[in-house]
Every structure is written in structure tokens, then in C-alpha cells.
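In what comes next, chain A is part of two complexes: it sits with chain B in the first one and with chain C in the second one.
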Partner chain A sequence: MYIIGKSVYRKEAVDKVTGEAIYTNDIQSPGMLHARMLLSPYAHARIISINTEKAWKIPGVRAILAGERFPLTGEEIRDRPPIAVDKVRYFGETVALVVADNPVQAKRASELIEVVYEPLPVVNSPTEAMQANAPLVHENIESYEKVERVNPEPNTNIANRTKIRKGNIQKGWSESDVTVEGTVSFSPSDHAAMETRCSIAEIRQDGYVVITTSSQAPFMVKKLINLYFGIDTGKVIVNTPLVGGGYGGKAAVQLEILAFLASRAVGGKKVKLFNTREEDLVTSPCHIGLDAKIKLGCTRNGYLKAAEILYLFDGGAYSDKAVDVSRAGAVDCTGPYHIENVWCDSLCIYTNHPYASPFRGFSHSELLFAFERTMDMLAQKLGLDPLELRRKNAILPGHTTPTQVRLNTSNLGNLPACIDRLKEIMKWEEGQRSIQPDGLIRAKGICCIWKTSTIDTDSSSGVILTFNPDGSVNLISGVVEIGTGTKTILAQILSERLKMPIELIHVRMKVNTQTTPEHWKTVASRGTYMAGRAVLEAAEDAVEQIKKVAACVLHGAVSDLEVAGGRVFLKDEPSTGIELKDVVYGYTYPNGNTIGGQVIGRGTYTLRRMTYLDPQTGEGRPGPEWTVGAQGVEVEFNKRDFTYKIIRAVSVIDIGKVINEKAAQGQVMGAMAMGLCFGGRESFVFDEQGRVLNAQFRTYRPLRYGENPEYVVSFVETPQIDAPYGARGVGEHGLIGMPAALGNALSIAAEVNLNQLPLIPELIWRAKKGNQHALI
Partner chain B sequence: MKTSSSPFREVSLHVNGEIKPVLIKPSDTLLYILRVKLGLTGSKPGCLNGDCGACTVNVDGMAMKSCLMFAIEAPGKRIITIEGLKGTPIQHAFIKEFAFQCGYCTSGFIMNCYSLVENYPDANDELITEMLESNICRCTGYQEIENAVKSVLSSNKNLEK
Partner chain C sequence: MLSFDFDYHAPSTLKEAVSIYQILERQGKQPLFYGGGTEVLTLGRLNLVYSDALIDIKNIPECRVQMLTDKHLVLGAALTLTALTERNLFPLLSKTARGVADHTARNKITLGGNICGEIFYREAVLPFLLTDSYAVIAGNEIRTVSFDEVFNQFLQLGKGEFLVQLITNRNDLRLPQFHIKRRKQWNIGYPLVTVASIKKAGTVRIAISGLCPFPFRSKKLEEALNNNDISIESRINEAIQHVPSPILHDVEGSDEYRIFVLKNTLQDVLESYQGGES
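Then we have the complex of A and B:
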């Protein structure tokens, strides 16, 4: 390989270490106005009246938007007013928007808006939402516009239900000697990207809407502004510069809509809306919560026969992307195991919590915590080594997934190889639990992971390559650089294909939906695969054009030629050829005649043969491949005060092919860190009224330097045949098993089943001592 | 130009080796003035209350969260922002060790590391942690940042020998 596998530095590296990297909020222009929001102090309340009189007295105020009925928004069910009307449904919901000359004036004015509320009973968890007499978050869900294939259930809090009916569950139970039931729950939390969301909107005199936004889905913004406000898609231009972390949170479209409305209210002037940290945590969409019940059955020897699963995803007040998250939760509802009989209902539930957007892993870290905890409970009941139980049931080519996709050696990674490697790294033979001389308990927990993507069946990705007079190439792709380094990976793929030094490949970082070809959304670990395929196609296209011109010049057939090393030459006689710089802008003969022109390569890739899920059985093909892996966590637990330290976290993932070693390691390590945060410490704390009590970094505490364990990342390489150089998606996979592995390690350490998150010492203490001390 | 009732004061700030006259209000934070008035947007707002370190700059040789300092306190002090670092070893080390992904925390982290390296070239693990735990990075696992800062500290030591 020429450059595949090498740890090439990021293309935007220098910008990022010099402060020159530009993010949305860094953009300012004279005359730009600023918007600030007024937020709901209640999780569920009727809005009785809104009085803006005092707010208008603040100098600099240009517009106040409150109480007005704007088109409802939402990706599958249009249930969300961009600014609350009639009632508020979550703590922190936008109730009013003030536009002023500067943010301080806007803020001052927003504080002077007087809103009278009548509090309503609160739905504080999905389980509560399912109770017969639960208050309704949305009274008339049947009246909302929606896409096909989503079915809100009238007079309930159920936004959608996805069913998996594989095999015959009764047969499964009759073949089972041993059964176990696990109940798991956790509250919503947040992505907490370091860059809070920001959108700038302007409506130009000629009718063009120009939005600059920190988004993972600029092309979706364009489509939704068209859908909600009837502006031609061609007249919506969305710019996305570098994005300061997304993790799924910036795949939802929210501030863009508010910034658009704000601009419209002031005659189209440019308006910026920038979230404070507090707003970013609760007002903008968060990380979904879950209540789950899992029942597993297996033979005496530990072969799984049946899995019955109920997932109640806490979609929060509005369904937006949560419906899709809950659907993906059905797609891979079990762990990566061969189970013939699977019954699953995966529900998206309305509650009075902040609403959910995708979170790195798109339902998988959540469901794997539930499933893999239950697997450990099963192993315990069987008296079987938990790793052995997983090895026995590991999913293999020839087996089918819950949606009945038949797997093969290309669309599935090698799980047994991952398990075996993990066993080695974790020194499994030394035992799972030991007591140190100082009394601390060392324990190891493991889990297995898998994930495919559940994205629109027509999702596509496009790439344009233009050449410069010096023979170098510009790579233009709609992938947003959110930190994953995907655009550097694309440059490597191109460099490999053209056998051209990576320095001669110039990557355009910024996305502009008018001039950049579409990449559906920068989500689901699909950037390398989809955009990578598009790069290869565009390279093919460019190479064809180069060869055509060169064939004339060299008096040979196109098929005689090869492009490599900045030249095009005869395959059998490499010394006969010409420099790329002499053909990529057309070739000029000594007499001035010119043939050809600037070479412009184009490529698109659309996921192939994807289908919708059958509404009754869930049968269908939602994604192209399943990346698998095995993960482990080792903890040191103090049984006197229930504190613990994470010593080591291990990931073995079948990545297909490593394209950039250090970047891949970094992606996986970072994802593991985020998974440990989610599993170990991060959660919104709700009071009984559904208010979030910890919307700040001093109370919502991510890991800090020095609190991190040692990370060990190891890759297995089973190529996905149809992917660029065999590389599988890996951006999320480091995360998705961490909560489960941590839960399993601590359950073993504390000798109690820990089935809730986050795993803080207090939770372990409660589980150990029972609830009799709950009031202390 | 300024009247006694105007909330604005004209002051001179010493930033990245240059003297910058700037109109400030007593309530303006240094971060706000750097970003909005001086166009130095490398320092980032991440929380605006001292929790995240994305806004870290160097004031008179020490790391300082610029969201926690009023600009009115800055005259007479030497301020270095990320834009003032040119090809320093710590910047190279961040690139070499892949110590960032999205890059949003990076200016703050580098400024913090820069102060650490300048002031304590022999810093031990404990001191490194004490200094760096004031910044949050959401993308990396910190291991990369640790490698970067240590590579610079140890190379300093090698030079001394």
C-alpha cells in the first residue's frame, strides 16, 4: 500500500493549533444582530399569557417572537413548534426569542418578558408515560403531519413502535432450560460538545436564505427550511465551517430554524443565535434515555434460544430524531449473537424531558447496556464464564440479524477473533475478580458490540475533484469535519488511488450546500464508506479524462496508460509519459493547439439495496455492514465507600482495514472516553417536576485530564469487500460497549446487579444496601 | 471623545507583542474583547464561567481563563493568545501526537500546556494533572494530550543535559 495505514496528519492540523480554524461563532460582521432565548422554567405547563411590553423598552431591541404559531417542525412527526405555543413540554424549552443589536440587550429584554404559566402534571420517565392514567404530553398526536411508516398511537404517549418478530418466540422458550430477566433504566444525558451550537441566518433581498451553522447535517437544513417555510431548496444556501464536536447532537436541526425566524422578523438582516452552555445542554436536543426489559432463554449448555425485549426510549417532549433512534434500537436489538427466536418492541415515548437527538452509536450504547448486563446475569445463573457464553453464541457468517439479514464474511466482521484478542489483552486467565493486599477489589467486565447504520435508504454522498495547473487536486466533499478526520481519510483514499503525494491533495474543509456535492449527513460512521466510494468513483472519472488527453499526446490507446506519481505514462514503458500538470488543464501543443480542458472528476455513491422494515416483523435491510468488537473495563473498587477507579479500558474492533492508524486509535479512544462518561458519571438529574438540576459543567461533569484510565485499542482486519480498501465504519464503536463493560465490571466488584446509569458510588451504595437508607 | 457618563474607557492592551488601543466597558470580559473587538477568535467560549478552559490565554506568563478576567484588569499586563504562538514545540507536539480532533478545546489546551512548559519544564505527573485538569476535551481520551505535553517536557530536559 502506498499510503493506506499510515498516520497522516490531519489536513486541518495547522489551523487547529494556531487558532486560525474558524467555527460558526467565530464569524462576525458589522451590523449583525443577535438573538437570545427565553426558556421555560417548567417541564409541563400551559401558557396562560405572555407580556412583552417591558422587554420592548430595552434599547436595541428589534423583534420579539413569542406566542406566535409557526409551522410545526420535526423530522418524522411534525409535533414541535419552534417557539412554544399553548403549552411548554420540557424544562428549558424556547418560549420567546428576542432580536437586538447585541446579545446583552437581547438577554436583558428576554428576562423582562412576563409569562404566566399554569403547571401541569409531569411525565418524568418512559415507564410513567406508559401508565394508564399518565398525563398526555401531546393531546392530539393523530393530527400531526408525519412521514409514512411512523405510527403515533392516539391517546397515549407512544410516538412510534418498531416490531421485531424473528422465528417463533414460543418455540424459543420451550427449547430453553434457563431463563433470566433484566430490567435496566437511565435518564437522558448530553453530548456536551465543547462548541455549543450556533446558527447565523440571513434572508437576502433576492430571496436567498443563507444560513451558517454548526451542524452535522447542512444538507438536511436546506431540505427542512424548504419543507417548513416553502423556500425553494435552490434558494437555501447552508454553510458549515469546522464543527467543534457533534457526536450526533448536531445532526438535529433546531437553532437554524430559530435563526431563520429571527432574521425574517427583522426584514432579513443577519442574525446570530449562539447557545450558552446551559442552553446547549437542555434547550437543544440531548442524549436519549431508556427503560428496558430483557428476557433471555438458553439451553443448559448456554446456547441462546430466545430473546424477548422491550425498549422504551425516552424521546422527550418532541419526537424529532428519537423515532429513528428507537427504530435503530430494534434493528440491532440483541447483542451480536446468533439467536433464532427474537421478539422485540422498541418504542419511542413522549415524556416531559428535553427531547433527544442522535448520540454517537445511535441507540447502540443504550441497548447494549441493557442486553449485555442481562447476558452477564445469564452467565452468572448458568455458572458459565461470561466471555465463554459470548464466544459460544457469537454471530457468524451464515446467521441472520434480528431484521433477518443473512450475514456473510464481507458484511460482518470477525467477532470470535475480537473475543479471543480481548481475552489475551485482559489476561482473562488470571481471573475476573481479586482482592488486593490493600483491600481494594480489582474486577474485569466485558461485553460484545455490533452496529450497522439505520439511515435513509436513499442516502448518498458526492465528491468533486478539480485539478490545479500545478497538477495537484482539490477534494470537495459534503462530509462535515466534526473532528473525526474523515476528510483526511478521504485524501488518503485519493492519494492511494492516484499514487500521488498527500501534500498535493488539497481538501476543502468548509461545506457550502450550493457548491459542495451532498453528503447526506455526517453521522452513523458512514463517512469513510460512502464518501470514500464517491472519491474512488470521482478519481476513476478524472483518470479517464486524463488518459483520454494523454492518449492523443502519446499516440497510444487509453487502455495502454496508467496514472501514478504525478504522471500519466505507458504501462509497459513507464519512461514514456507526461506530467499531470501538462494534461490536467488540457494539453497545449508547441503550435498552440490545445486539447481537453480542466479535469473535473465527479463521483456519487448511494447505499445499495437498502429497504424499509416490515411493519409486522421488522424484516428488512437497514444498513450495509455490521462492525463488531469486544470491549473490556478493569476497575479498582473500594467496598467501604463504594468509590472506584477505572484502571484500564480495552477495545478490540474489527475495523476492516486501518486507513490512518493514529487517527483510528484516536477515534476509538475518544469514543471510549465518552462511553465511560455516559456509563460512569453523566446524566441529567431531574427533580420531581422534571426540571434539570445540573445544566453546567461543574454539576454535569465530563472526564477531565488525569481521570482517564489507560486505553488499549487493538484492531482486527476483516475487509468489507465493497468498502474503500475494505475499511469499516468505526467512529462510534469504541463508545457503544463501554457502559455495559463498566456495569459488568462493577457488578462483579460489588457483587450486586447494577442495572442503572450513571454508575456513581451512590448508585452502587443504594443497590448494595437496598433502599432502606434512601432518605438519608 | 469619551464623556464621564459613557460606560466606555479607552485602554491599551498588550496582546501578542503589540499594543492595541481598544474601547471597553468595565463589565467586558477579556475573552469578549479578544474575540469581538480584536478579532482574535482562537480563544473559544465553552462555558463562560470558568469550567472548561477553552478560553485559556497567557497573562504575564501564567495560564488564565479569559472568561474569568475583566478586560479592565488587563492594561499593563502582557497577554499571549494562541494567535501569538508561532511554531512552538507544544504546537508541533499536538499535531504529532494527534492530540486533538474537533480542535475546539485545542487553543485553550495548548495555551495551558504552553504555560506549564514555560514555567515548569520539569513538571511531574501530579503537577501536569493539576494544571491540565482545568480544561475539558470531549473528543480525545486525554492520552494523546498527555503524550504531547510530555514529549515537550522531556525534550526540554534533554536539551538541558
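Then we have the complex of A and C:
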């Protein structure tokens, strides 16, 4: 391989380490106005009155938007007013928006808006939402506009239900000798990306809407502004500079709508809306919570026969992307095992919590915590080694998924190989639990993972390649650089294909929806796969154009030529050839005649053969491939005070093919850190009124340097045949087994089932006391 | 970003600081002495702190003293926590200070600010509650008062007064001592319980933050812990009867759990003294 597998620096590295990198909020321009939100202090309340009189007295105030009925928004169900009307449905919801000449004026004015509320009973968990007498978060869900294939259930808090009916569950139970049932729950939390969200909108005099935004989905912003406000899609231009971490939180479209409304209210002037950390945590969409019930059945010797699953996803006050998250939860509802009989209902539930967006892993870290905790409970009941139980049931080519996709050696990685490698790394033969000389307990917990990407069936990615007079290439892709280094990976793929030094490949970092070909959304670990395929097709296209001109110049057939090392030459006689710089703008003969012209490579890729899920059985092909892996966590546990330290965290992932080794390791380690902190600490704490008590970094604490364990990352390589050089998606997978592996390690260490998150010492203390009451 | 405007004053003498305060107050302002400004910014942006006239005490030489005399350690209220830990003249204070916030914040947070601030943990008071210490307070006059008399849940300052210095008996600086901070999870965050302790003349002294919405030292609690006739477990069970109320019950942990953590922490402290460590 020319450059595949090598750890090359990110193309934007210098910009980032020197601090020159520009993010949305760094953009300032003369005359730009600033918007500020007023937030709801209640989780559920009727808005009785809004008085803006005092706020208007602040100098510099240009507009106050409150109480006005704007088009309802939402990606599948249009249930969300951009600014609350009639009632508020979550703590931190936007109640008003002030536009002023500067941010301080906007803040001052927002603080002077007087809102009178009448508190309403609160739906504080999905389980509460399902009770017969539960208050309704939305009284008339049947009245909302919606897309096909989503079915809100009238007079309930159910936004959607995805059913999986595979095999015959009754047969599964009759074949089972041993059954176990696990109940799991955790509250919503957040992505806590370093860059809080920011959007700038302007409506130009010629009718063009120009939005600059920290988003993973600029092309979706364009479509939704068209859908909600009737602006022609060609007249919506969305710019996205570098994004300081997305993790799914910036896949949802929210601030863009508010910035647009703010701009419209001031005659189209440019308006910036920048989230404070508190707003970014609760006002903008967060990480979904879950209540789950899992029942598993297996034979005496540990072969799984039946899985009955209920997932109640806490979508929060508005369904937006949560419906899709809950659907993905059904698609991979079981974890990576061969189970012939599966029954699953995965529900998206309305509650009075902040509403959910995707979170790195898109329902998988959540469902795997539920499923893999239950697997450990089953292993314990069987008296079987938990890793052995998983190896016995590992999903293999020839098996089918819960949505009945037949797997093969390309669309599925090698799970047994991952398990075996994990076993080695974790020194499994030394035992799962031991007491150290100092009395501390060492325990190991493990978990298997899998994930496909449940994305739109027509998702596509496009790439354009242009050339410079020196023969170097410009790579233009709609992938947003959200910190994953995907654009560098694309450059490596191109470098490999053209056998051209990566220094001669110039990557355009910013996305502009008018000039950049579309990449559906920078989500779902799909950048390398989809945009990589588009890069290869664009390279092919450019190479063909180069060869055509060169064939004339070199007096040979196109099929005799090869492009490599910045030249096009005869395959059998490499010394006969010409430099790319002499071809890519057409070839000029000594007399001035020119043939050919600018070479512009064009490539697109659209996922193939994707289908919707059958509404009754869930049968369908929701994603192209399944990345698999095995993960482990080793803890040192103090059985007196229930504190613990994470010593090591291990990920073995079948990545298909490593394209950039350090980048891949970095992705996996970063994901592991997020997963461990989601499992061990990060969670919103709600009071009985549904208010978030820790919407600040003082009390909501992501993992910091020095708190991290030793990370071990190891890759298995089973190529996905239709992916660029065989590479599988790996952006999310390091995260998704961590909460479960941590829960399993601690359950073994503490000798009690720990089925809630976050796994704080107080939770373990309560479990040991047999008291499962919530914290507050 | 703060919604309110304020005047900024930077007096260079104690006298000037006191008189500026009085003048501002006569003008109907709401003056506030401050050191590092971290609470003014972080609580001010949420409108939990308000002032229209800030008086910065960092330029007053007395407030920046860090010196050992024959008999005493003198620490100025405007010293940053980082400055204190770097010189490390009072090891227990260094340990306690290092548990507050993070390094970047400690480069700004001052000793006086931590003691007089709104955030109620005020862990920097613990070493002064335990030792023979005095507070120097500026107002109409400069007064020097015993620290345990002037600190009751918070520093009992009169209107227009501010903390200038803390003075500690030099003999108390290097006594056997412990500092244990227990958090909700791992190494970041406010305390569930912070216990600082010294052993002086054979007697264990204990000061606690994080358990109640104020730091405290309880003589009765200490008496129980020093009752060497009974087992450590019995001493601790007796001691927790003397914990003041209310016990915090919040996002960090429940009241019941905090007591559990306190018991363990006290046990750690007592056993460590028995082990002869310091």
C-alpha cells in the first residue's frame, strides 16, 4: 500500500494547534446583530402571559419574538414550535428571543421579559409516561403533520413504536431451559461538545438566505428551511466552518431556525445566536435516556433461543430525531448474537425532559447497556463464563439480524476473532475477580458490540476534484470536519488511488451548500465509506479524462496508460510519459494548439438496496454493514466505601482495514472516554418537577485528563468488500460497549446487579443496601 | 458576559479601600470587595451576584503578604491559591487549596475570595479553624481577631469590612495532619465531604466542609472522637450525633449517603493517626 495504513497528520492540524482555526462564533462582521433566548424555568407549564414592555426599553433592542405561532418543526413529526407557545414542555425551552445591537443588550432585555406560568403535572420518565393516568405532553399528537412510517399513538405519550417480530417467540420460550429478566434505566445526559452551538443567519435583499452554523448537517438545514418556511432550496446557502465536536448533537437543526426567525424579524439583517453552556446542555437537544426490560431464554448449555425486549426511549418533550434513534434501537435490539426468535417493541416516548438528538452510537450504547447487563445476569445464572456465553452465541455470516438481513463475510466483521483477542489482552485466564493484598478488588467486565447505521435509504455523498496548474489536486466534499479527521482520510484514499504524495492533495475544509457537493450528514460513522466511495469514483473520472488527452499526446491507447506519481505514462514503458501539470488544464503543443481542457473529477455514491422496515415485523435492510467488536473494562473496587478506579479499558474492533492508524486509535480512545464517563458520571439530575439541577460544568462533569484509565485499542481487519480499501465505520464503536462493560465489571466486583446509570459509588451503596430509590 | 455595569476601583492602601467603600455606599451604590473575581464573573453572569461598584483589593500590599515571622505565618487575603500551594508554607492549606476548583481557576481564586465567597464549601477555612489562627480585618479600624471566634458558618464581617490577612501560629504549621476530599465520583467536583485534621497535644481536631451548607469545626464532635476508652467505631457513631444540621441533600449526593461517607472518612483519619503516619 502506498499510504493506506499510515498515520499522516490531519490536514487541519496546524490551524488547530496554532489557534487560527475558525469556528462559527469566531465570525464577526460589522452590523451583525445578536440574539439571546429566554428559557423556561419549568418543565411543564401553561404560559399565561408574556410582557415585553420593560425589555423593549433597553437601548439597542430591535426585535422580541415571543408567543407568536411559527410553523411547527421536527424531522419526522412536526410537533415543536421553535419558540414555545401556549405551554412549555421542558426545563430550558426557548420562550422568547431578543435581537439587539450587541449581546449584552440582548441579554439584559431577555432578563426583563416577564412571563407568568401555571405549572402543570410533569411526566418525569418514560415509565411514568406509559402509566394510564399520565399527563399528556402533547394533547393532540394526531393533528401534527408527519412523514410516512411514523405513528404517534393518540391520547398517549407514545411518539412511535417500532416492532421486531423475528421467528416465533413462543417456540423460543419452549426451547429455553433457563430464562432471565433484566430491568435497566438511566436519565438523559448530554454530548458536552467543546464548541457550544452557534448559528448566524441573514436574509439578503435578493431573497437568498445565508446561514453559517456549527452543524453536522448543513444540507439538512437547507432542506428544512425550505420545508418550514417555503424558501426555495436554491436560495438557501449554508456555510459550515470547522465544528468543535458534534457527537450527534449537531445533527439536529434548532438554532438555525431561531437565527432565521430572528433575522426575518429585523428585515433580514445578519443575526448571530450563540449558546451559553447552560443552553447547550438543556435547551439544545441532548442525549436520550432509556427505561428497558429484557427477557432472555437459552438452553441448558447456553445457546440463546429467545429475546423479548421493551425499549422505552426518553425522547423528551419533542420527537425530532428521537423517533429515528428509537428505530435504530430496534434494528440492533439484541446485541451481536444469533437468536432465532426475537420480539421487540422499541418506543419513542414523550416526557417533560429536554428533547433528544442523536448521540455518538445512535441508541447502541444505550441498548447494549441493557442487553449486555442481562447477558451477564444470564451467564451468572447458567454458571457460565460470560465471555464463553458470548462466543457461543456470536453472530456469524449466514445468520440473520433482528430485521432479518442475511449476513455474509463482507457486511459483517469477525466477532469471534475480536472476542479471542480481548480474552488475550485482558488476561482472561487469570480470572474475572481477585482480591489484592491491600484488600481492593480487581474485576473485569466485558461486552460485545455491533452497529449498523440506520440512515435514509437514499443517502448520498458527492465529491469534486479540481486541479491546480502545478498538477496538485483540490478535494471538495460535503463531509463536515467535526474533529474526526475524516477529510484527511479522504485525502489518503485519493493519495492512494493517484499514487500521489498527500502534500499535493489540498482539502477544502469549509462546507458551502451552494458550491460543495452534498454529503447527506456527517453522522453515523459513514464519512469514510460514503465519501470515500465518492472520492474513488471522482478519481476514476479524473484519471479517465487525463488519459484521454495523454493518449493523443503520447500516441497510444487509453488502455496503455497509467496515472501515478504526478505523471501519466505508458504502463510498459514508464519513462515515456508527461507530467500531470501539462495535462490537467489541457495539453498545449509547441505551436500553441491546445487539446482537452480543465480536468474536473466527479464522483457520487448512494447507499444501495436499503429498505424501510416492515411495520408489523421490522423486516428490512436498514444499513449497509455491521461493525463488530469486543470491549472490556478492569476496575479496582473498594468494597468498604464503594469507590472505584478504572484501571484499563480495552477495545477490539473489526475495522475492516486501518486507513490511518493513529487517527483510528484516537477515534476509538476518545469514544471510550465518552462512554466511560456516560457510564460512570455524566447524567442529568432531575428534581420532582422535572427541572435539571446540574445544567452547568460545575456539576455536570465530563471526563478530564488525569481521570482516564489506560486505553488499549486493537484492530481486527476483515475487509468490507464494497468499502474503500475495505474500511468499516469506526467513529462511534469505541463508545458503545463501555457503559455495559463498566456495569458488568462493577456488578462482579460489588457482587450485586447494577442496572442503572451513572455508576456512581452512591448507586452501588444503595444497591448493596437493597434500596434502589433515586438520588433525590 | 454580565448584564450589569459596574465601576472599578483599585485602591492601594487599606485606608483608601475602606473609605472608597463608605463613599460609594453613601452614593447609594452596592459596593463589593473582591480578589480574583471568579465568582463575580461566573455567578454574575447568572445574576446570582450583583454589584455596581467593585473594589479590587489586589493592589494593597498587606493583602499580598506571604511571610514567616519568628512566631507566625502571615498570609494576605489576595494571594491566589496557586501562589499559596507553590510556596507551600502551610502544607495542610496547600493540600486543601489544591482540592478547590481546577488549576486554571486557582490561578485566579484568592484565599480571601474562597473564604468570603458565595460558594459555600469555602474549603480554605478548614486549616485555619484547626490551628491557632487570627484574622486581620480592615474597617473603620484594623482589628485582629481569633479565627474560630470570627468564623461561624461564614466570616462575620461588619458592613464595609474586608479580610486583609490570616495569621497562624508557626508551631501549628507542621503538626500531624490529614486532608481527605471525597467526591460524588473520581477526582473532579465539589466535595461530598472534605475533612481536614491535625493532631495537637495528643488530641485530634477535625474540620469539615461539604456535609452542611457551611464548613464547621465542632468541639463536641471532637470530644467524641478523642474518647480513647471506646472503639473507633463507637467514637464515630457518637461523633456523628454532633453533626450540625442541615445535612446537604443535593446533586452531589443524598444526606444519608453523606453520613456514610463521613463515617468512612473519619475512620480513615483516626486509623491513620493510630498508624503513626502524618
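Keep in mind that, in the parts below, the second predicted complex is superposed on the first by the 771 of 776 C-alpha atoms of A that agree within 3 Å, B and C clash if a C-alpha of one lies under 4 Å from a C-alpha of the other, contacts with A are read in each partner's own complex, and residues count from 1 in each chain.
As a convention for this text, a contact is a pair of C-beta atoms (placed from the backbone, for glycine too) under 8 Å apart; a residue touches a chain by one contact, two chains touch by 3 or more.
This one's a predicted model, so the numbers in the text were calculated from it and none came from an experiment.
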item	value
Which of chain B and chain C A:21 touches, first, second, both or neither	first
Partner with the higher number of touched chain A residues, chain C or chain B	B
First (chain B), second (chain C), both or neither touched by A:12	first
Which of chain B and chain C A:698 touches, first, second, both or neither	both
Contacts of A:685 with chain B and chain C, given as first, second, both or neither	second
Partner chain(s) touched by A:706 [first = chain B, second = chain C, both, neither]	both
Chain A residues contacted in one complex by chain B, in the other by chain C	276, 698, 704, 706-707
Partner chain B, residues of chain A touching it in the complex	7, 9-10, 12-23, 25-26, 28, 191-196, 242-247, 276-277, 482-485, 662-663, 665-667, 669-670, 672-674, 696-698, 702-708, 710-711
Partner chain C, residues of chain A touching it in the complex	103-104, 107-108, 111, 276, 640-641, 643, 645, 680-681, 685, 693-694, 698-699, 701, 704, 706-707, 758, 760-762, 765-766, 775-776
Residue ranges of chain C touching chain A (in the complex, touch as defined)	1-3, 45, 47, 102, 182, 184-190, 249-254, 257, 260-261, 264
Parts of chain B lying in touch with chain A, wherever the complex brings them together	35-36, 40-49, 51-52, 54, 81-83, 85-86, 91, 94-96, 98, 100-107, 110, 128-129, 132-146
